[in-house]
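What follows is subunit A paired twice: with subunit B in the first complex and subunit C in the second.
Moving on to the complex of A and B:
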């Protein structure tokens, strides 16, 4: 078993990943609450935004900041467009149909990325943020500013979204739609506009997450596309409802995943972390349901 | 309330099921791509020193044929290839470059007046499809030779088929069967022997420990056997690690490798370029590049893409095994012809100048050399006898002369270079000239016992 000192660097990397998972998980929860859609294309949209930023920086001599903005705007725009085109048609469909439809967008984007940013001939790309060049030491552990920013953005987005949903008119409308879309509409809430705001916000968050993960993990379409699974696990643990719980779950997923790395016997199973945690959470929730049903019967 | 709760649980269960499907899709695609990685992965073949700077050709392409400027009009000689082409993993550059060479030959006299007709079948790591491709080449296209095969699993699927029909394949190998069966001979070394080369270079630097890390895909045990034998013979401890790909926590992986190796140790990677890059970049961000004595990598890291992305911090710090002659540093007749053919005929070669297209060129060059030796009709028997008879041929692309021969196994390329990044390019490392892969690897020893040690090429 590794010593405490051996674990220390993995706490830092785990928290950084957890921060980005939290950011993504919050985006997924907000969209789900407003539209009932589990947005499986979140990772693919972010990946494509990051690859576009890479192309603009390396082949069109764009300033870095301008390319990042384009990436975020692209992610927001494509998500909004998807929501506007398919949102209404899917509104009354089963959750599985809604989720599978976003899987379609994922596959289309995945194919386009493979075509435009091919990996043949040993091609490999990277997107480094300037914050990689600085950092500080905590004991023997090197902390890079990008890792600090990842955690910071995760905290900030979770807090801001929680406050937004609680204290703003639009946030209240989103919460109302989560309970009952039809009743909310009959009360005069502009449902389509509220949904559009949710799609737009979720898309922008996918752009930010894509850029951060491209730096922290890899600028690779496959990797970024399927990193959504960790965020999705966090959102599921929070029952696709609680922003605070999504944040905590995301940090736990990131931490547990990385803390398993130095443990030789478990290291090759660490990618199961999000599934195991989500499965345990679902099992516990099922038990609670049985208990609550029993109580009502009694 | 209870109903609402039940509905939510049902929704979440559905989401878990869909997420599982997504994960499976991810695994599939990553195993394609990570498969593009190791053992049975493209990694082995994905040796891509990709240089964009050296496409200026001083040689006329007409030297590829025997009758410059005269188009071949005789009966075509049908040859075929099977290559992997799927999202994340494409070896089509190899066959496309072979095709460019054949087109050049056809434009300059052909083979005794006969043009080569080249059939390229692509596959998506589907055994049934690969078997069908082989049958189509034989039964429908009536090919008389197989040249340029590069596939993650084709050797495993078709080895006995080719053996039964008497085809002797000239290929770029990945799967173990590409090296351990009588009917395949490769121009590249593949993941095992390339990893041997990288470990061998690290051992020559007198490191105290080796950490060998590779993709967690089928075949890793076979690859790991070589480095383990080399380290044991040198009495240096070796830690064998595997990583699930695509890697989602590169920082953790880099920290673990460096911690395991220690300050006087070496970390040797066997991954595809994108995976190796994320590990090396994570190490760089965390300031780990100087925390070990050396970093090594098998051939896939031999790409200018990687050298550019890494930057100067890795100059002389990362040592990469190179199976083919570095194109930037070389101005031999064969290298100049390769660059000229690429320029004139290689529009379909998307990866540019680099190891993939070098392999395609070399395979085609060997095939043409063999075909030109045939007197009489071009049949399966005559063509494959000519392929098998190639002996001590100087390709101009390899460290040593290339031989097919009648051997139970074929490791025809078993002498390598070592390169290191140099401000965005890969250049020969100090003492990185042609070096024999050690016979301490029992597979190499067995091959040399049967075939001997091929002489070093005069142009290397």
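Moving on to the complex of A and C:
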């Protein structure tokens, strides 16, 4: 068993990873609650945004901040476009079909990314945020500003989204739609506009998450695309409903994942953390078996 | 279906007879096709395409397993590639450790995979629809991580049978009668045909009817006295069994297995081609396997990047889910029939007949 000293740096990196998972998880939950779509292309959209930012910085001599904005705008635009075309077309289908359709978008984006930014031939890219260079010392642990930003954004987004859903008119409309789309529309809520807002917000969050993960993990289409599965784990533990629970779950997943790193016998299995936690949580939470005739999922 | 008042025994006999005739015709066509694939195809194709077609035979069975789950029972699994990997692992281990005859190894790996799949499936069956799909995706991700660490057996000792220090890695053995690539292709096709027959036997009999009822409405099936849990598990077991057997064929086909050959994204691509091929028909599985394994070989030969295919699959999924829920296996014949009617000058659009999807 490694000593406490060995664990300390991984607490910081674990919290940072948890922050990004929280950011992604909250984006997924908000979209699911407003539209019933589990957006499995979240990671692919963010990855493509990050790769575009990389190209702009390295080949078009864009200033960094402009490239980041382009990345986030791109992610938001792609997501909004998908939501307007396919989200609307599939609005009345069951949640499973809606989720499977986003796998179509995932495959399209994944193919395009592999075509334009091929990773075969050992070409490796990296996207570093300027916040990587500065930092401070806590005890014996070096903390990098990017990690602080990741945790900070995670906390801020979770808190802001929670408050938004609770207190604003648009947020109330979104919560109403989570209950019943038809009745909400009857009450005079502009359903399509509310959905568009949810798609746009989720897309922008995927752009931010893509940039942060590209810096914290790796700028690689495959890795980033399928990191959505890990982020989804946090949302699933919260049963795609509670923002607060998503945040807590994301932090736990990030922490456990990184704290396993220094343990020799488990380090190779640490990537299983989100899957195992999500699977266990889902199984424990589904003890109560209800048969319903509606199209709502179990 | 049944018109009241006309159900005389003569009429029923006539109908049964007619059904027999069309079924016979269909069976004959399948037999001829199978003979062509077994006898003529290895002569016509180069070794490169024979290898690709062996993969098609393997993945047709995998796609069939997923097709049974989606099309017959309405369960979507995103973990079938992980099941295939388990089957390949088990049979590779058995082939290295024992000198059992090859069919016995295939059977054993099918049964072991079935037991594992059912054990995993049992708790997962509490969930339906979306959550089931997502939990299988999680489990597939976990299995991928485990496989990356334990690696596939390569003739080493111990339970895992992996030795990282080997310079000359022994190949996984093939049956004596099918050592060459064309001979193994025929072997793989025969195994696939047996698996298709097994599934057909299920679909045509009691489990098939129970699955159809469950797919229509679970509460109604329950009310009709169908043991929903049993038949759902049965579907899982059947799909895991044939996928495990396919894993065994795959192990002997490629002869060296590596964990990077089974990434999680393959489960997603598999779902895409199964949806495109058509999950409701057995032919859909063959189409799915051709899309998944033959087209990339073809494109690779032409020097076109396989990424284009990924994009096409993505568009295909969106198209299938929004406009043609039954996939290519039904859409293409229907569209061709429409075209034929147009060409034949009838021009009149009759509503397409939805049956015959088998």
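Quick notes
Everything below uses one rule, namely that the second predicted complex is superposed on the first by the 285 of 298 C-alpha atoms of A that agree within 3 Å, B and C clash if a C-alpha of one lies under 4 Å from a C-alpha of the other, contacts with A are read in each partner's own complex, and residues count from 1 in each chain.
Simple rule for what comes next: contacts are C-beta pairs under 8 Å (C-beta built on N, C-alpha and C of every residue); 3 or more make two chains touch, one makes a residue touch a chain.
None of the values given here were measured: they were computed from a predicted structure.
The partner of subunit A that touches more of its residues, comparing subunit B with subunit C, is B. Looking at the shared chain after the overlay, A:261 reaches subunit B, while subunit C stays out of its contact range. Looking at the shared chain after the overlay, A:189 reaches neither subunit B nor subunit C. In the superposition on chain A, A:104 makes contact with subunit C only, not with subunit B. By the document's definition of touching, neither partner reaches A:37: not subunit B, not subunit C. Within the superposed three-chain model, A:89 lies in touch with subunit C and out of touch with subunit B [touch as defined at top]. Judged by the touch definition given at the top, the superposed model places A:283 against subunit C, while subunit B stays out of reach. Legend: residue contacts after superposition of the two complexes on their common chain; A:151 is shown touching neither subunit B nor subunit C. Of the two partner chains placed by superposition, A:202 touches none, neither subunit B nor subunit C. Contact with subunit C, but none with subunit B, is seen for A:112 once the two complexes are overlaid on the shared chain.
The intersection of subunit A residues touching subunit B with those touching subunit C, taken from the two complexes, comprises 38, 94-96, 99-100, 103, 106, 110-111, 114, 222, 225-226, 229-230, 232-233, 236, 268, 271, 275, 278-279, 282, 286, 289, 293. The touching residues of subunit B, when paired with subunit A in their complex, are 2, 5-6, 8-23, 25-26, 29-30, 33, 36, 46-50, 87-93, 216, 241-242, 244, 246-253, 255-256, 259, 272-278, 281, 285-287, 300, 302-303, 305-306, 309, 350-352, 354-357.
On the subunit A side of its complex with subunit C, the touching residues are 38, 86, 89-90, 93-97, 99-101, 103-112, 114-115, 222, 225-226, 229-230, 232-233, 236, 268-269, 271-272, 274-276, 278-279, 282-283, 286-287, 289, 291, 293, 297-298. Touching subunit B in their complex are the following residues of subunit A: 6, 9-10, 13-14, 16-17, 38, 40, 94-96, 99-100, 103, 106, 110-111, 114, 118-126, 128, 132, 142, 144, 146, 216-218, 220-223, 225-230, 232-233, 236, 239-241, 257-258, 261-262, 267-268, 270-271, 275, 278-279, 282, 285-286, 289, 292-293, 296. The touching residues of subunit C, when paired with subunit A in their complex, are 76, 123-124, 126-131, 133-135, 137-139, 141-142, 145-146, 148-149, 217-219, 222, 263-265, 268-269, 271-272, 275, 305, 307-318, 321-322.
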